[in-house]
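Both complexes below contain chain A, partnered by chain B and then by chain C.
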Partner chain A sequence: MTRLLTVLIFLLIGLILASLAFGDIPLSWRELFETITGSPEANLQNVMIVFDLRLPRVLLALLVGAALATAGTIALAVMRNPLAEPGVLGINSGAAAAVMVVIVLLQDPPAALLPAAGFLGAVAMTAAVYLLSWRGGTSSLRIILIGIGLSSLAGAATTLLSTFGEIGDVQRAMIWLAGSVYDANILKVRLLFFWLIIPMALAWMSSRELDLIRFGDNSARSLGQRVDLVRGVMILLCTLISGAAVAAAGLVGFVGLVAPHIASRLVGPSHARIFPVAALTGASLVASADLVGRVIIAPAQLPAGIVTGLIGAPFFAYLLWGRRHARE
Partner chain B sequence: MSRSKGMPAARPSGSLSMTGRSRLLALLLVLCLLVAISMWAVTLGTVRIPLRSVGNAIFGFDGSREHLLVMTIRLPRVLAALLAGSALAVSGAIMQAVTNNPLASPGLLGINAGAAFTVVLVMTLFGTGTSDIYLWYAFFGAGCAAIVVYGLGSFGLAGQSTVGLVLAGAIVATFLTALTSAVLIFDQSTLDTVRFWTAGSVAGRTMAQAAAVAPYILIGLAAALLLGRHLVTLSLGADAARSLGQNPLAWRAIAVVLIILLAGSAVALAGPIGFVGLVVPHIARLTIGVDYRWIIPFSALGGALLVVGADTVGRMLFTSQNFPVGVIIALIGAPFFLWLARNKAGGAT
Partner chain C sequence: MPVNDKNTPAKLTGQCVSIAYGQHRIVEDLDLIVPERRFTALIGPNGSGKSTVLRTFAGLMAKADGTILLDGHSIDTLSTKEMAKRVGVLLQGPVAPEGLTVRDLVQQGRYPHRSLFGRWSEQDQDACEEALMLTGMTTLADTALDSLSGGQRQRAWIAMTLAQQGEVLLLDEPTTYLDLAHQIELMNLITVLVHKHGKTVVAVLHDINQAARYAEHVVILKGGKITAAGPPDEVISAEAIADVFGVKSVIIRDPVAGTPLCVPL
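And now, the complex of A and B:
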């Protein structure tokens, strides 16, 4: 475990350094070192590139990745379904519908409105899913089914707007929804950091509750857990975390699904171990996706959310393939 | 993954333990509704055509304008909706039986993502052509994606569990969807053309198109109906199936072939209408119980009813003939599904 964490942290540091060095204007390692240490020989332009453009961007990618992975871990445990990710709760479809409405129906919406719309859409949708599935208690299956139903309603609205909306608007919405960290700045990073720190700490502290609830409602209840309370709180945490990630970066898919699976394959079923490994894995996934996305077809950029699918999917397939002889 | 606990029909109470007779009655009711709506759909349009001349057009075609309208526009559209709806719903039911997962739909085998990707690729590389060509590209893409998913999922975990299949499906679908969006973000004209296709529609389908995929769908439906018994066994999980003498690997492969035939043709014909394959089997299970020998015929009729009904309502409410049927399906089907899920699923306390 310690060794694994060390490896992941070194991987992450390597990724950060690479993200600071590579790009439209590549810096040599020496230049990067001079810039970071603030030596008098540092070029003013390089200082601006590193601290104003690349650093916020990589930090935002790390935060978003860690947040999505944490939310995914919670969803996986609470829903007891290998396909569960925050999107099952309606977060993605709610955010997508809200953003589509804002972009297509409003004339020239201010840029600041999009994150707000995404967050509100996600939260409203999750609240609706949870409330509709509450009948003197909830059940994982009912939440999943209600999530499917409401998501398809929101999806119908999104499809309708994207079919009849002005094509430029539709494309703009698609790019926003594809998930990217283009417009990172240090203020956004700070905001996201302080927003995430409490819910993520709470989630990590409730690892034992998640270990319990995964056994099933009846077992957990007979072991003394207040199942509905725990599930409600966990869904709230999941919404706060992934809603903020969506607001910051759009719909970066796949990370929330895959990071917890990778983590549990690496360190076993205990959530106290899964959380840190999943968070680091998710952070590395999004950071490397963003790095690849802006280098591979430069000067054009691929949104990070698309690259997570393009890189993350084969990587996960490789992991599955490598363990094909292991028993589940 | 303990599905049986959450599944409603595990509780032997109320309407869930329907007897054979009430199930048959429900099935007949859906069938009558389906026939009525289909006939009504053919008569409905900018020119109302009485049912009598529809019959004449089919059995004694005389080349008049009215008969031409019926045979080239109305009837193909209704047939396409019937075929696509029943095929999607039945393939969804098979998929849920194979994976034991309530989130499973034909899309999980990569069918929709594969079809969408090949269609977008062909449009970008060769420009937009006639929809006749997309049909085969979509079918081809759907089949390839499903085979890759099955290979990865079954051999990747040596068939130990269906989790492998489910995850492999998620992986391939994500990968293909990411590729598709990467193309669409840079190619506005393709996005403009393909957005109507991805919304799902049966408008403007020709008799030739419907006839092209009809054999696959009919074979798939017949096979699914005949094999219902084996699907029940398969849905019990690999261990139980093996102890009952079934070879779960072989039957899983057969099920995947059926899904490719059914859902691949449906998507090729009508575009990726996701909702039908996901929700109609759930509706069937929530009303009729977990027996796949009943779920499959019920899904076939229910899916056809939903798509034909939605398309007809869409044509009635919006004079624009291009209103995507996928949207109306969700608007009609989702509230009903929500009501069912809220009232019958997951052990009300």
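And now, the complex of A and C:
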């Protein structure tokens, strides 16, 4: 475990350094070193590129990745379904619909309104899914089914709105939704960090509850767990975490699904171990997706969300392939 | 072994218990007594409400009416955790998440004994080791659950409920899907738990002869009602079998145990 974490942290440091060095204006390792250490030989342009542009961007990518992975780990355990990810709760579709509404209906909305709208849309949608699936208690399957239903409803509304919007507005919304960290700044990074730290810590501390709730409602209850309470609290944490990630970076798909699976394959079924490994894996995934998206067709950029989608699809196939002999 | 039920205090008591799925009442005005430190078998045809009764007595299903007493106190006053400390439950076909070892599973049994962020204590460790030992799973403790045979897996689940260290064990069809050797092994384990460790065990069983041979108290259910309850000698008769299962039979003595043995005609 310690060795795995060390490897992951080194991988992450490597990614950060690469993200700081590569780009439209590539820096040599020597220049990068001089810039970071604040040596008098560093030139001002490099200082600005590294500290004002690339550092916030890679930090935001790391935070978003860790958040999505944590939220995905929670969703996977609470829904007890290998395909469950925060999107199933309606988080993505809610955010998308809200952003589209704001962009299409308001003339020239202020930029700060989009993340807020995205977050509120995600929360409202999750609340709707949760409340509609409540029938003297919740069940994972009901939440999944209602989540999928409401999500496609919201998706239809988003598409409908986009046909009425100004082309320019819709394009803006699409770019926002594609999931990117291009407009990162240090304020955004700080805000997201302080927002995430409490729910993510709480999630990690509830590892044992997640270990148990995966056994199913009846087994968990017979062992003394208040299943509905735990599920409600965990869904709330999941929403706070992934809603914030969506607000910060739009829709970065597949990380919430892939990172927890990779983590549980690496460290087994205990959530106390899955959480840190999944968070580091998710952070690496989004950071590398952003790096790849920035350099692969430079000077144009691919949004990180599209790159994670490209990585996600083959992983899905791998997951199916790996399970082809599984029981059930 | 003859037991005089009149002298045995009741561990679990149901008074006028009614259970409903929606509007549909499955069990009506059920009075059930589970004697302390005895093995009670619930038998009856499919759909007679055996599993429903067991789940309700475990506090997993809400009852529509009536009272269930554990040591004379209503289980409604117990929190989920307190209940789990005293009553272990093994339902039919339990499913564990992928990748667990036997030890991982058994350790879940300590959940009710730990506070929200409480550490794993020596007591927790001892309880798990004891549960593994009683079920003969010590050597398999670090084996993946998925790679075990059906009988071993069932024992692992029982070990988990034993790690709860409750006085009562409720088992829903614990022998179904097990071969004969594993069924006998499980019945012997229950006997040991009852007589050596003072547990009160209630099990839903399908095999009447198994119930007659191993249980000291047999409760026969039909259509959500108790048609007979008492020691196997008193309860299991050709009339009762005909009435409850609609099967004609003769009852002879089990040549080995001397308990009633039902032979269908």
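As a working rule, the second predicted complex is superposed on the first by the 310 of 328 C-alpha atoms of A that agree within 3 Å, B and C clash if a C-alpha of one lies under 4 Å from a C-alpha of the other, contacts with A are read in each partner's own complex, and residues count from 1 in each chain.
The rule we apply is simple: contacts are C-beta pairs under 8 Å (C-beta built on N, C-alpha and C of every residue); 3 or more make two chains touch, one makes a residue touch a chain.
Only a predicted model underlies this, so the values are computations on that prediction, with no experimental measurement involved.
On chain A, which partner touches more residues: chain B or chain C?
B
State whether A:Gln225 touches chain B only (first), chain C only (second), both chains, or neither.
So A:Gln225 only meets chain C here.
Have a look at where A:Gly216 lands relative to chain B and chain C in the superposition and call it first, second, both or neither.
A:Gly216 contacts both chain B and chain C.
Which partner does A:Met205 reach: the first (chain B), the second (chain C), both, or neither?
second
Is A:Pro26 contacted by the first partner chain B, the second partner chain C, both or neither?
After superposing on A, A:Pro26 lies clear of both chain B and chain C.
Applying the touch criterion given at the start, work out whether A:Ala156 contacts chain B, chain C, both or neither, answering first, second, both or neither.
After superposing on A, A:Ala156 lies in contact with chain B but is clear of chain C.
So, does A:Gly14 touch the first partner chain B, the second partner chain C, both, or neither?
neither
Touch check for A:Ser264: first (chain B), second (chain C), both, or neither?
In the superposition, A:Ser264 touches chain C alone.
Of the residues on chain A, which ones does chain B touch that chain C also touches?
Residues common to the chain A contacts of chain C and of chain B are 216, 218, 327, listed in rising order.
Show me the residue ranges of chain B that touch chain A in the complex, using the header's touch definition.
1-2, 5-7, 101-103, 108, 152, 155-158, 160-161, 163-164, 166-168, 170-172, 174-175, 177-179, 181-182, 184-186, 188, 191-192, 195-196, 198-199, 274-275, 278-279, 282, 324, 326-327, 329-331, 333-335, 337-338, 341-342, 345-349
Give the list of chain A residues in touch with chain C in this complex.
205, 208, 211-212, 214-216, 218-219, 221-226, 264, 268-270, 326-327
In their shared complex, at which residues does chain C touch chain A?
Residues of chain C touching chain A: 55, 58-60, 79-85, 87-89, 91, 94-100, 104, 108-109, 111-112, 114, 117, 146, 164.
Touching chain B in the complex: which residues of chain A?
So the residues of chain A touching chain B come out as 80-84, 88, 132-133, 135-142, 144-146, 148-150, 152-153, 155-156, 159-160, 162-163, 167-168, 170-171, 174-175, 178, 216, 218, 253-254, 257, 261, 300, 302-303, 305-310, 312-314, 316-317, 320-321, 323-325, 327-328.
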